[in-house]
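My questions all concern the structure below.
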Amino acid sequence: MRLPIPFPYELEVRYQETDQMGFVHHSVYLVYFEAARVALLRAMGKPYRELEREGVLLPLVESHVRYRRPAFFEDRLTVWTWVAELRPSSFRMGYRITRETEEIATGWTRHAALSPEGRVLRLRGALRELLERGVWHENLDNG
Amino acid sequence: MRLPIPFPYELEVRYQETDQMGFVHHSVYLVYFEAARVALLRAMGKPYRELEREGVLLPLVESHVRYRRPAFFEDRLTVWTWVAELRPSSFRMGYRITRETEEIATGWTRHAALSPEGRVLRLRGALRELLERGVWHENLDNG
Amino acid sequence: MRLPIPFPYELEVRYQETDQMGFVHHSVYLVYFEAARVALLRAMGKPYRELEREGVLLPLVESHVRYRRPAFFEDRLTVWTWVAELRPSSFRMGYRITRETEEIATGWTRHAALSPEGRVLRLRGALRELLERGVWHENLDNG
Amino acid sequence: MRLPIPFPYELEVRYQETDQMGFVHHSVYLVYFEAARVALLRAMGKPYRELEREGVLLPLVESHVRYRRPAFFEDRLTVWTWVAELRPSSFRMGYRITRETEEIATGWTRHAALSPEGRVLRLRGALRELLERGVWHENLDNG
(Lines give C-alpha, C1' and ligand atoms only; values in the text may rest on other atoms or scores of the structure.)
Protein backbone atom coordinates (compact mmCIF):
# COMPACT_ATOMS: atom_id res chain seq x y z
CA MET A 1 0.00 0.00 0.00
CA ARG A 2 1.30 3.39 -0.95
CA LEU A 3 1.86 5.87 1.87
CA PRO A 4 0.31 9.27 1.15
CA ILE A 5 3.08 11.91 1.14
CA PRO A 6 2.67 14.60 2.48
CA PHE A 7 1.36 12.47 5.31
CA PRO A 8 -1.70 13.88 7.12
CA TYR A 9 -1.78 13.86 10.93
CA GLU A 10 -4.87 15.14 12.71
CA LEU A 11 -5.00 16.75 16.13
CA GLU A 12 -7.22 18.95 18.23
CA VAL A 13 -5.97 22.05 20.02
CA ARG A 14 -5.89 21.67 23.81
CA TYR A 15 -6.85 24.42 26.22
CA GLN A 16 -3.40 24.33 27.85
CA GLU A 17 -1.84 25.11 24.46
CA THR A 18 -3.50 28.53 24.26
CA ASP A 19 -2.04 31.72 25.73
CA GLN A 20 -3.61 34.93 26.96
CA MET A 21 -3.77 36.31 23.41
CA GLY A 22 -6.29 33.50 22.86
CA PHE A 23 -4.03 31.83 20.26
CA VAL A 24 -2.11 28.57 20.28
CA HIS A 25 1.28 29.53 21.71
CA HIS A 26 3.94 29.64 19.02
CA SER A 27 6.19 27.10 20.81
CA VAL A 28 3.44 24.47 20.51
CA TYR A 29 3.81 24.22 16.74
CA LEU A 30 7.12 22.44 17.24
CA VAL A 31 5.29 19.93 19.44
CA TYR A 32 2.67 19.45 16.71
CA PHE A 33 5.42 18.96 14.11
CA GLU A 34 7.01 16.35 16.38
CA ALA A 35 3.75 14.44 16.89
CA ALA A 36 3.23 14.39 13.10
CA ARG A 37 6.82 13.25 12.46
CA VAL A 38 6.39 10.40 14.94
CA ALA A 39 3.13 9.39 13.24
CA LEU A 40 4.82 9.39 9.82
CA LEU A 41 7.68 7.21 11.04
CA ARG A 42 5.17 4.75 12.49
CA ALA A 43 3.16 4.74 9.27
CA MET A 44 6.40 3.92 7.46
CA GLY A 45 6.74 0.87 9.73
CA LYS A 46 9.25 2.24 12.24
CA PRO A 47 7.93 3.59 15.55
CA TYR A 48 10.32 6.18 16.91
CA ARG A 49 10.72 4.42 20.22
CA GLU A 50 11.88 1.33 18.31
CA LEU A 51 14.46 3.49 16.52
CA GLU A 52 15.69 4.80 19.89
CA ARG A 53 15.93 1.25 21.24
CA GLU A 54 18.04 0.33 18.21
CA GLY A 55 20.40 3.16 19.14
CA VAL A 56 19.31 5.91 16.73
CA LEU A 57 18.44 9.33 18.16
CA LEU A 58 17.20 12.06 15.81
CA PRO A 59 17.73 15.35 17.69
CA LEU A 60 16.84 18.64 16.02
CA VAL A 61 19.71 20.78 14.86
CA GLU A 62 17.55 23.52 13.34
CA SER A 63 13.92 24.57 13.17
CA HIS A 64 11.94 27.15 11.27
CA VAL A 65 8.26 28.11 11.52
CA ARG A 66 6.11 30.64 9.68
CA TYR A 67 2.93 31.48 11.57
CA ARG A 68 0.34 32.52 9.01
CA ARG A 69 -2.97 32.54 10.89
CA PRO A 70 -3.70 32.00 14.58
CA ALA A 71 -5.08 28.65 15.71
CA PHE A 72 -7.66 28.45 18.48
CA PHE A 73 -8.80 26.13 21.27
CA GLU A 74 -10.76 23.11 19.99
CA ASP A 75 -9.63 23.72 16.39
CA ARG A 76 -9.14 20.52 14.46
CA LEU A 77 -5.87 20.84 12.59
CA THR A 78 -4.08 18.67 10.04
CA VAL A 79 -0.28 18.57 9.99
CA TRP A 80 1.01 17.52 6.54
CA THR A 81 4.51 16.05 6.82
CA TRP A 82 7.23 14.90 4.45
CA VAL A 83 10.99 14.44 4.11
CA ALA A 84 12.16 17.59 2.38
CA GLU A 85 15.88 16.86 2.03
CA LEU A 86 18.25 13.95 2.61
CA ARG A 87 21.96 14.67 3.19
CA PRO A 88 24.75 12.25 4.13
CA SER A 89 24.32 12.81 7.87
CA SER A 90 21.27 15.00 8.34
CA PHE A 91 17.78 15.36 6.92
CA ARG A 92 15.11 17.99 6.79
CA MET A 93 11.40 17.40 7.43
CA GLY A 94 8.77 19.74 5.98
CA TYR A 95 5.40 20.60 7.59
CA ARG A 96 2.23 22.41 6.65
CA ILE A 97 -0.60 22.90 9.14
CA THR A 98 -4.11 23.48 7.83
CA ARG A 99 -7.57 24.07 9.29
CA GLU A 100 -9.91 22.90 6.56
CA THR A 101 -8.77 24.96 3.56
CA GLU A 102 -6.83 27.60 5.53
CA GLU A 103 -3.09 27.50 5.96
CA ILE A 104 -2.17 28.03 9.62
CA ALA A 105 1.60 27.52 9.55
CA THR A 106 4.45 26.03 7.56
CA GLY A 107 7.89 25.02 8.71
CA TRP A 108 10.75 22.60 8.68
CA THR A 109 13.11 20.87 11.09
CA ARG A 110 16.63 19.59 10.39
CA HIS A 111 17.78 16.48 12.24
CA ALA A 112 21.07 14.77 12.84
CA ALA A 113 21.24 11.03 13.46
CA LEU A 114 23.19 10.27 16.66
CA SER A 115 24.13 7.21 18.66
CA PRO A 116 23.17 7.30 22.38
CA GLU A 117 26.81 8.25 23.06
CA GLY A 118 26.46 11.28 20.80
CA ARG A 119 28.36 9.95 17.78
CA VAL A 120 27.09 11.22 14.40
CA LEU A 121 25.60 8.39 12.34
CA ARG A 122 25.62 8.35 8.54
CA LEU A 123 22.20 8.10 6.91
CA ARG A 124 22.56 4.89 4.95
CA GLY A 125 21.19 1.36 4.75
CA ALA A 126 17.82 0.74 6.35
CA LEU A 127 17.51 4.20 7.90
CA ARG A 128 18.10 5.92 4.54
CA GLU A 129 15.63 3.63 2.79
CA LEU A 130 13.09 4.41 5.47
CA LEU A 131 13.49 8.17 5.06
CA GLU A 132 13.43 7.91 1.25
CA ARG A 133 9.87 6.63 1.48
CA GLY A 134 8.81 10.00 2.89
CA VAL A 135 10.56 12.25 0.35
CA TRP A 136 8.46 14.90 -1.35
CA HIS A 137 9.83 17.85 -3.29
CA GLU A 138 7.73 20.70 -2.06
CA ASN A 139 7.81 24.10 -3.55
CA LEU A 140 6.78 26.18 -0.59
CA ASP A 141 7.90 29.72 0.05
CA ASN A 142 9.15 28.74 3.44
CA GLY A 143 11.60 31.40 4.42
CA MET B 1 24.15 28.93 58.51
CA ARG B 2 20.58 28.02 59.19
CA LEU B 3 18.37 27.31 56.18
CA PRO B 4 15.08 29.23 56.29
CA ILE B 5 12.20 26.73 56.30
CA PRO B 6 9.73 27.18 54.59
CA PHE B 7 12.30 27.93 51.92
CA PRO B 8 11.43 30.83 49.59
CA TYR B 9 11.90 30.42 45.84
CA GLU B 10 11.15 33.37 43.56
CA LEU B 11 9.98 33.18 39.97
CA GLU B 12 8.29 35.29 37.36
CA VAL B 13 5.29 34.10 35.35
CA ARG B 14 6.11 33.50 31.68
CA TYR B 15 3.76 34.38 28.83
CA GLN B 16 3.69 30.76 27.64
CA GLU B 17 2.37 29.72 31.07
CA THR B 18 -0.86 31.69 30.62
CA ASP B 19 -3.98 30.33 28.93
CA GLN B 20 -6.86 32.00 27.12
CA MET B 21 -8.61 32.74 30.43
CA GLY B 22 -5.63 35.04 31.03
CA PHE B 23 -4.53 33.01 34.08
CA VAL B 24 -1.50 30.83 34.70
CA HIS B 25 -2.63 27.38 33.58
CA HIS B 26 -3.31 25.10 36.53
CA SER B 27 -0.85 22.43 35.35
CA VAL B 28 2.00 24.95 35.65
CA TYR B 29 1.77 25.06 39.45
CA LEU B 30 3.24 21.55 39.57
CA VAL B 31 6.17 22.87 37.52
CA TYR B 32 6.59 25.77 39.97
CA PHE B 33 6.50 23.34 42.90
CA GLU B 34 9.18 21.26 41.19
CA ALA B 35 11.47 24.24 40.55
CA ALA B 36 11.12 25.23 44.23
CA ARG B 37 11.80 21.67 45.42
CA VAL B 38 14.95 21.53 43.29
CA ALA B 39 16.09 24.89 44.72
CA LEU B 40 15.50 23.66 48.28
CA LEU B 41 17.53 20.47 47.70
CA ARG B 42 20.37 22.55 46.28
CA ALA B 43 20.20 24.96 49.23
CA MET B 44 20.47 21.92 51.51
CA GLY B 45 23.70 21.04 49.68
CA LYS B 46 22.39 18.34 47.35
CA PRO B 47 21.58 19.34 43.75
CA TYR B 48 18.93 17.02 42.36
CA ARG B 49 21.03 16.07 39.37
CA GLU B 50 23.74 14.88 41.78
CA LEU B 51 21.13 12.75 43.57
CA GLU B 52 20.12 11.22 40.22
CA ARG B 53 23.76 10.50 39.38
CA GLU B 54 24.09 8.72 42.73
CA GLY B 55 21.16 6.53 41.73
CA VAL B 56 18.27 8.15 43.62
CA LEU B 57 15.14 9.12 41.67
CA LEU B 58 12.31 10.88 43.50
CA PRO B 59 9.21 10.40 41.30
CA LEU B 60 5.86 11.78 42.41
CA VAL B 61 3.32 9.28 43.60
CA GLU B 62 0.65 11.84 44.50
CA SER B 63 -0.03 15.56 44.10
CA HIS B 64 -2.59 17.98 45.41
CA VAL B 65 -3.14 21.66 44.60
CA ARG B 66 -5.62 24.26 45.83
CA TYR B 67 -5.92 27.23 43.51
CA ARG B 68 -6.98 30.20 45.58
CA ARG B 69 -6.43 33.24 43.35
CA PRO B 70 -5.40 33.43 39.68
CA ALA B 71 -1.81 34.36 38.84
CA PHE B 72 -1.02 36.53 35.84
CA PHE B 73 1.71 37.10 33.26
CA GLU B 74 4.75 38.93 34.69
CA ASP B 75 3.59 38.33 38.28
CA ARG B 76 6.48 37.82 40.64
CA LEU B 77 5.62 34.84 42.83
CA THR B 78 7.28 33.22 45.82
CA VAL B 79 6.99 29.46 46.32
CA TRP B 80 7.48 28.54 50.00
CA THR B 81 8.61 24.92 50.35
CA TRP B 82 9.20 22.44 53.15
CA VAL B 83 9.22 18.73 53.97
CA ALA B 84 5.78 18.08 55.42
CA GLU B 85 6.09 14.39 56.29
CA LEU B 86 8.79 11.72 56.36
CA ARG B 87 7.76 8.05 56.16
CA PRO B 88 9.99 4.97 55.86
CA SER B 89 9.91 4.95 52.08
CA SER B 90 8.12 8.09 50.96
CA PHE B 91 7.96 11.75 51.90
CA ARG B 92 5.61 14.63 51.37
CA MET B 93 6.65 18.15 50.38
CA GLY B 94 4.45 21.16 51.18
CA TYR B 95 4.12 24.35 49.12
CA ARG B 96 2.54 27.74 49.43
CA ILE B 97 2.64 30.26 46.58
CA THR B 98 2.27 33.95 47.38
CA ARG B 99 2.22 37.22 45.47
CA GLU B 100 3.29 39.79 48.03
CA THR B 101 0.80 39.25 50.84
CA GLU B 102 -1.77 37.32 48.81
CA GLU B 103 -2.01 33.56 48.84
CA ILE B 104 -2.21 32.21 45.28
CA ALA B 105 -2.09 28.45 45.85
CA THR B 106 -1.15 25.75 48.33
CA GLY B 107 -0.37 22.12 47.73
CA TRP B 108 1.73 19.09 48.40
CA THR B 109 3.46 16.30 46.54
CA ARG B 110 4.31 12.82 47.80
CA HIS B 111 7.45 11.17 46.51
CA ALA B 112 8.89 7.69 46.52
CA ALA B 113 12.64 7.12 46.40
CA LEU B 114 13.56 4.72 43.59
CA SER B 115 16.72 3.27 42.12
CA PRO B 116 17.16 3.74 38.34
CA GLU B 117 15.93 0.13 37.97
CA GLY B 118 12.71 1.05 39.77
CA ARG B 119 13.47 -0.58 43.13
CA VAL B 120 11.96 1.24 46.15
CA LEU B 121 14.67 2.72 48.38
CA ARG B 122 14.27 3.18 52.14
CA LEU B 123 14.66 6.74 53.37
CA ARG B 124 17.58 6.36 55.75
CA GLY B 125 21.16 7.44 56.24
CA ALA B 126 22.31 10.52 54.34
CA LEU B 127 19.10 10.91 52.35
CA ARG B 128 16.94 10.92 55.49
CA GLU B 129 19.26 13.38 57.22
CA LEU B 130 19.06 15.61 54.18
CA LEU B 131 15.25 15.60 54.15
CA GLU B 132 15.08 16.13 57.92
CA ARG B 133 16.75 19.50 57.43
CA GLY B 134 13.68 20.66 55.48
CA VAL B 135 10.99 19.47 57.91
CA TRP B 136 8.38 21.97 59.01
CA HIS B 137 5.09 21.13 60.67
CA GLU B 138 2.63 23.30 58.86
CA ASN B 139 -0.91 23.73 59.90
CA LEU B 140 -2.54 24.49 56.59
CA ASP B 141 -6.06 23.59 55.63
CA ASN B 142 -4.81 21.84 52.57
CA GLY B 143 -7.51 19.39 51.65
CA MET C 1 -28.21 7.60 22.34
CA ARG C 2 -26.88 6.96 25.79
CA LEU C 3 -23.50 8.51 26.60
CA PRO C 4 -21.09 5.97 28.16
CA ILE C 5 -20.08 7.21 31.63
CA PRO C 6 -17.19 7.04 32.59
CA PHE C 7 -16.49 8.52 29.19
CA PRO C 8 -13.40 7.13 27.40
CA TYR C 9 -10.96 9.54 25.75
CA GLU C 10 -7.97 8.14 23.87
CA LEU C 11 -4.64 9.82 23.42
CA GLU C 12 -1.06 9.00 22.55
CA VAL C 13 1.90 10.14 24.63
CA ARG C 14 4.02 12.77 22.85
CA TYR C 15 7.81 12.90 23.03
CA GLN C 16 7.72 16.41 24.48
CA GLU C 17 5.65 15.10 27.39
CA THR C 18 8.45 12.84 28.65
CA ASP C 19 11.19 13.94 31.04
CA GLN C 20 14.73 12.73 31.61
CA MET C 21 13.47 9.93 33.88
CA GLY C 22 11.91 8.58 30.67
CA PHE C 23 8.38 8.96 32.11
CA VAL C 24 5.50 11.24 31.21
CA HIS C 25 6.05 14.30 33.41
CA HIS C 26 3.60 14.41 36.30
CA SER C 27 2.27 17.86 35.35
CA VAL C 28 1.06 16.47 32.00
CA TYR C 29 -1.64 14.35 33.65
CA LEU C 30 -3.59 17.53 34.39
CA VAL C 31 -3.40 18.36 30.68
CA TYR C 32 -4.68 14.86 29.84
CA PHE C 33 -7.53 15.28 32.35
CA GLU C 34 -8.41 18.59 30.72
CA ALA C 35 -8.45 17.16 27.19
CA ALA C 36 -10.73 14.36 28.39
CA ARG C 37 -13.04 16.80 30.20
CA VAL C 38 -13.35 18.90 27.05
CA ALA C 39 -14.14 15.77 25.02
CA LEU C 40 -16.83 14.75 27.53
CA LEU C 41 -18.48 18.19 27.42
CA ARG C 42 -18.51 18.05 23.64
CA ALA C 43 -19.97 14.52 23.67
CA MET C 44 -22.70 15.89 25.96
CA GLY C 45 -23.49 18.46 23.27
CA LYS C 46 -21.70 21.47 24.72
CA PRO C 47 -18.23 22.29 23.37
CA TYR C 48 -16.24 24.12 26.02
CA ARG C 49 -15.50 27.05 23.75
CA GLU C 50 -19.24 27.50 23.27
CA LEU C 51 -19.66 27.58 27.06
CA GLU C 52 -16.95 30.26 27.28
CA ARG C 53 -18.65 32.29 24.57
CA GLU C 54 -21.88 32.09 26.57
CA GLY C 55 -20.01 33.56 29.53
CA VAL C 56 -19.28 30.47 31.62
CA LEU C 57 -15.68 29.81 32.70
CA LEU C 58 -14.89 26.65 34.65
CA PRO C 59 -11.53 27.31 36.36
CA LEU C 60 -9.99 24.69 38.62
CA VAL C 61 -10.08 25.37 42.31
CA GLU C 62 -8.47 22.09 43.37
CA SER C 63 -6.73 19.10 41.81
CA HIS C 64 -5.53 15.75 43.00
CA VAL C 65 -3.56 13.03 41.19
CA ARG C 66 -2.30 9.61 42.20
CA TYR C 67 0.46 8.35 39.94
CA ARG C 68 0.36 4.56 40.03
CA ARG C 69 2.57 3.43 37.14
CA PRO C 70 4.78 5.45 34.79
CA ALA C 71 3.55 6.14 31.26
CA PHE C 72 5.95 6.17 28.33
CA PHE C 73 6.44 7.82 24.95
CA GLU C 74 4.07 6.46 22.28
CA ASP C 75 1.87 4.74 24.89
CA ARG C 76 -1.77 4.72 23.92
CA LEU C 77 -3.73 5.74 27.01
CA THR C 78 -7.43 5.99 27.80
CA VAL C 79 -8.69 8.67 30.17
CA TRP C 80 -12.03 7.65 31.73
CA THR C 81 -13.94 10.71 32.90
CA TRP C 82 -17.10 11.45 34.86
CA VAL C 83 -18.79 14.02 37.09
CA ALA C 84 -18.02 12.85 40.61
CA GLU C 85 -19.89 15.45 42.65
CA LEU C 86 -22.29 18.33 42.05
CA ARG C 87 -22.55 21.12 44.62
CA PRO C 88 -24.51 24.39 44.45
CA SER C 89 -21.61 26.34 42.98
CA SER C 90 -18.81 23.87 42.26
CA PHE C 91 -18.42 20.39 40.86
CA ARG C 92 -15.82 17.67 40.92
CA MET C 93 -14.71 15.63 37.90
CA GLY C 94 -13.17 12.16 38.34
CA TYR C 95 -10.53 10.57 36.10
CA ARG C 96 -8.87 7.20 35.64
CA ILE C 97 -6.08 6.68 33.12
CA THR C 98 -5.43 3.19 31.80
CA ARG C 99 -3.03 1.52 29.37
CA GLU C 100 -4.89 -1.58 28.25
CA THR C 101 -5.70 -3.30 31.57
CA GLU C 102 -3.17 -1.41 33.69
CA GLU C 103 -4.11 1.56 35.84
CA ILE C 104 -1.67 4.44 35.27
CA ALA C 105 -3.23 7.20 37.36
CA THR C 106 -6.40 8.36 39.05
CA GLY C 107 -7.44 11.83 40.08
CA TRP C 108 -10.04 14.51 40.35
CA THR C 109 -10.43 18.23 39.74
CA ARG C 110 -12.85 20.61 41.42
CA HIS C 111 -14.22 23.50 39.38
CA ALA C 112 -16.05 26.71 40.11
CA ALA C 113 -18.34 28.29 37.52
CA LEU C 114 -17.43 31.95 36.94
CA SER C 115 -18.60 34.76 34.73
CA PRO C 116 -15.87 36.47 32.65
CA GLU C 117 -15.87 39.22 35.31
CA GLY C 118 -15.06 36.64 37.99
CA ARG C 119 -18.50 36.42 39.59
CA VAL C 120 -19.39 32.97 41.00
CA LEU C 121 -22.25 31.37 39.08
CA ARG C 122 -24.73 28.94 40.63
CA LEU C 123 -24.90 25.55 38.97
CA ARG C 124 -28.53 25.43 37.94
CA GLY C 125 -30.70 25.32 34.86
CA ALA C 126 -29.10 24.15 31.64
CA LEU C 127 -25.58 23.95 33.05
CA ARG C 128 -26.68 21.71 35.94
CA GLU C 129 -28.68 19.48 33.60
CA LEU C 130 -25.64 19.19 31.37
CA LEU C 131 -23.37 18.15 34.24
CA GLU C 132 -25.96 15.72 35.60
CA ARG C 133 -25.66 13.71 32.41
CA GLY C 134 -22.04 12.94 33.34
CA VAL C 135 -22.59 11.89 36.96
CA TRP C 136 -21.19 8.56 38.08
CA HIS C 137 -20.73 7.46 41.67
CA GLU C 138 -17.33 5.94 41.68
CA ASN C 139 -15.86 4.06 44.54
CA LEU C 140 -12.18 4.70 44.01
CA ASP C 141 -9.59 4.89 46.74
CA ASN C 142 -8.50 8.26 45.54
CA GLY C 143 -6.77 9.91 48.45
CA MET D 1 22.10 54.51 32.32
CA ARG D 2 23.02 52.70 29.16
CA LEU D 3 21.25 49.38 28.55
CA PRO D 4 23.70 46.59 27.63
CA ILE D 5 22.79 45.25 24.17
CA PRO D 6 22.78 42.28 23.60
CA PHE D 7 20.84 42.14 26.83
CA PRO D 8 21.68 39.19 29.14
CA TYR D 9 18.84 37.20 30.73
CA GLU D 10 19.71 34.37 33.12
CA LEU D 11 17.64 31.27 33.74
CA GLU D 12 17.99 27.79 35.11
CA VAL D 13 16.78 24.69 33.26
CA ARG D 14 13.76 23.06 34.92
CA TYR D 15 13.27 19.30 35.18
CA GLN D 16 9.99 19.50 33.28
CA GLU D 17 11.83 21.08 30.34
CA THR D 18 13.93 17.95 29.73
CA ASP D 19 12.85 15.03 27.55
CA GLN D 20 13.75 11.35 27.56
CA MET D 21 16.91 12.05 25.55
CA GLY D 22 18.02 13.89 28.70
CA PHE D 23 18.18 17.21 26.80
CA VAL D 24 16.11 20.38 27.07
CA HIS D 25 13.28 19.82 24.58
CA HIS D 26 13.77 21.89 21.43
CA SER D 27 10.37 23.63 21.77
CA VAL D 28 11.49 25.12 25.10
CA TYR D 29 14.05 27.39 23.43
CA LEU D 30 11.21 29.50 22.06
CA VAL D 31 9.94 29.87 25.63
CA TYR D 32 13.41 30.94 26.76
CA PHE D 33 13.59 33.45 23.91
CA GLU D 34 10.21 34.84 24.98
CA ALA D 35 11.23 35.19 28.64
CA ALA D 36 14.37 37.06 27.54
CA ARG D 37 12.40 39.31 25.17
CA VAL D 38 10.00 40.21 27.98
CA ALA D 39 12.93 40.99 30.27
CA LEU D 40 14.51 43.22 27.63
CA LEU D 41 11.27 45.17 27.10
CA ARG D 42 10.98 45.68 30.85
CA ALA D 43 14.61 46.80 31.09
CA MET D 44 13.82 49.33 28.33
CA GLY D 45 11.06 50.68 30.56
CA LYS D 46 8.06 48.99 28.97
CA PRO D 47 6.73 45.81 30.60
CA TYR D 48 5.03 43.66 27.98
CA ARG D 49 1.78 43.50 29.92
CA GLU D 50 1.66 47.28 29.89
CA LEU D 51 2.08 47.20 26.10
CA GLU D 52 -0.82 44.74 25.85
CA ARG D 53 -2.98 46.95 28.05
CA GLU D 54 -2.21 49.87 25.74
CA GLY D 55 -3.51 47.77 22.85
CA VAL D 56 -0.28 46.50 21.27
CA LEU D 57 0.12 42.76 20.73
CA LEU D 58 3.39 41.44 19.31
CA PRO D 59 2.59 37.96 17.94
CA LEU D 60 5.29 35.93 16.22
CA VAL D 61 5.05 35.60 12.49
CA GLU D 62 8.25 33.59 12.07
CA SER D 63 10.84 31.80 14.20
CA HIS D 64 14.17 30.17 13.60
CA VAL D 65 16.44 28.21 15.96
CA ARG D 66 19.81 26.53 15.54
CA TYR D 67 20.50 23.99 18.26
CA ARG D 68 24.26 23.76 18.65
CA ARG D 69 24.82 21.84 21.88
CA PRO D 70 22.32 20.14 24.20
CA ALA D 71 21.35 21.87 27.44
CA PHE D 72 20.74 19.87 30.61
CA PHE D 73 18.67 19.96 33.79
CA GLU D 74 19.94 22.53 36.32
CA ASP D 75 22.16 24.21 33.70
CA ARG D 76 22.45 27.94 34.23
CA LEU D 77 21.99 29.56 30.84
CA THR D 78 22.23 33.13 29.58
CA VAL D 79 19.98 34.31 26.76
CA TRP D 80 21.52 37.31 24.96
CA THR D 81 18.83 39.34 23.19
CA TRP D 82 18.68 42.27 20.81
CA VAL D 83 16.55 43.86 18.08
CA ALA D 84 18.05 42.56 14.86
CA GLU D 85 15.91 44.37 12.30
CA LEU D 86 13.24 47.08 12.23
CA ARG D 87 10.83 47.24 9.31
CA PRO D 88 7.77 49.48 8.85
CA SER D 89 5.36 46.98 10.38
CA SER D 90 7.44 44.10 11.71
CA PHE D 91 10.67 43.59 13.59
CA ARG D 92 13.10 40.78 14.17
CA MET D 93 14.64 39.88 17.55
CA GLY D 94 17.96 38.01 17.74
CA TYR D 95 19.00 35.53 20.47
CA ARG D 96 22.09 33.66 21.53
CA ILE D 97 22.03 31.18 24.41
CA THR D 98 25.25 30.41 26.23
CA ARG D 99 26.37 28.20 29.13
CA GLU D 100 29.49 29.90 30.41
CA THR D 101 31.67 30.13 27.28
CA GLU D 102 29.78 27.52 25.23
CA GLU D 103 27.21 28.44 22.64
CA ILE D 104 24.04 26.35 23.12
CA ALA D 105 21.71 27.87 20.52
CA THR D 106 21.09 30.89 18.34
CA GLY D 107 17.90 32.07 16.73
CA TRP D 108 15.55 34.85 15.83
CA THR D 109 11.85 35.64 15.91
CA ARG D 110 9.93 38.02 13.65
CA HIS D 111 6.98 39.89 15.14
CA ALA D 112 4.08 41.89 13.79
CA ALA D 113 2.46 44.62 15.87
CA LEU D 114 -1.31 44.12 16.08
CA SER D 115 -4.23 45.80 17.76
CA PRO D 116 -6.43 43.51 19.90
CA GLU D 117 -8.85 43.44 16.91
CA GLY D 118 -6.07 42.06 14.71
CA ARG D 119 -5.31 45.24 12.76
CA VAL D 120 -1.64 45.63 11.72
CA LEU D 121 0.01 48.56 13.50
CA ARG D 122 2.84 50.60 11.97
CA LEU D 123 6.02 50.69 14.03
CA ARG D 124 6.39 54.40 14.65
CA GLY D 125 6.35 56.94 17.42
CA ALA D 126 6.97 55.67 20.94
CA LEU D 127 6.97 51.98 19.98
CA ARG D 128 9.64 52.51 17.31
CA GLU D 129 11.77 54.58 19.65
CA LEU D 130 11.49 51.84 22.23
CA LEU D 131 12.63 49.13 19.82
CA GLU D 132 15.44 51.31 18.48
CA ARG D 133 17.02 51.22 21.92
CA GLY D 134 17.53 47.47 21.53
CA VAL D 135 19.04 47.46 18.04
CA TRP D 136 22.32 45.64 17.54
CA HIS D 137 23.78 44.64 14.18
CA GLU D 138 24.92 41.14 14.78
CA ASN D 139 26.99 39.18 12.38
CA LEU D 140 25.92 35.66 13.22
CA ASP D 141 25.73 32.82 10.76
CA ASN D 142 22.16 32.16 11.69
CA GLY D 143 20.74 30.23 8.78
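A, B, C and D are the chain letters, set down in written order, and residue numbers restart from 1 in every chain.
The rule is short, and it goes like this: a residue touches a chain if its C-beta (ideal position, glycine included) is under 8 Å from a C-beta of that chain, and two chains touch if they have at least 3 such contacts.
What you see is a predicted model, and the numbers here were worked out from it, not measured in a lab.
Compared on C-beta pairs in contact, A-B and A-D come out with A-D as the pair having more. Here the CA centre of subunit A is 24 Å from the CA centre of subunit D. The distance from the centre of subunit A to the centre of subunit B, with each centre set as the mean of the Cα atoms, comes to 35 Å.
In subunit C, the residues that reach two or more other chains under the touch definition are 15-16, 21, 27, 31, 34, 73.
Chain-to-chain contact here is organised exhaustively, every possible pair of chains being in touch.
By the touch criterion stated above, subunit D contacts subunit A in their complex at residues 20-21, 23, 26-28, 30-31, 34, 52, 57, 59-68, 70, 109, 143. On the side of subunit C, the complex with subunit D involves touching residues 15-16, 18-22, 25, 27, 73.
Only residues 12, 14-16, 31, 34-35, 38, 42, 47-49, 72-74 of subunit A touch subunit C when the two sit together in their complex.
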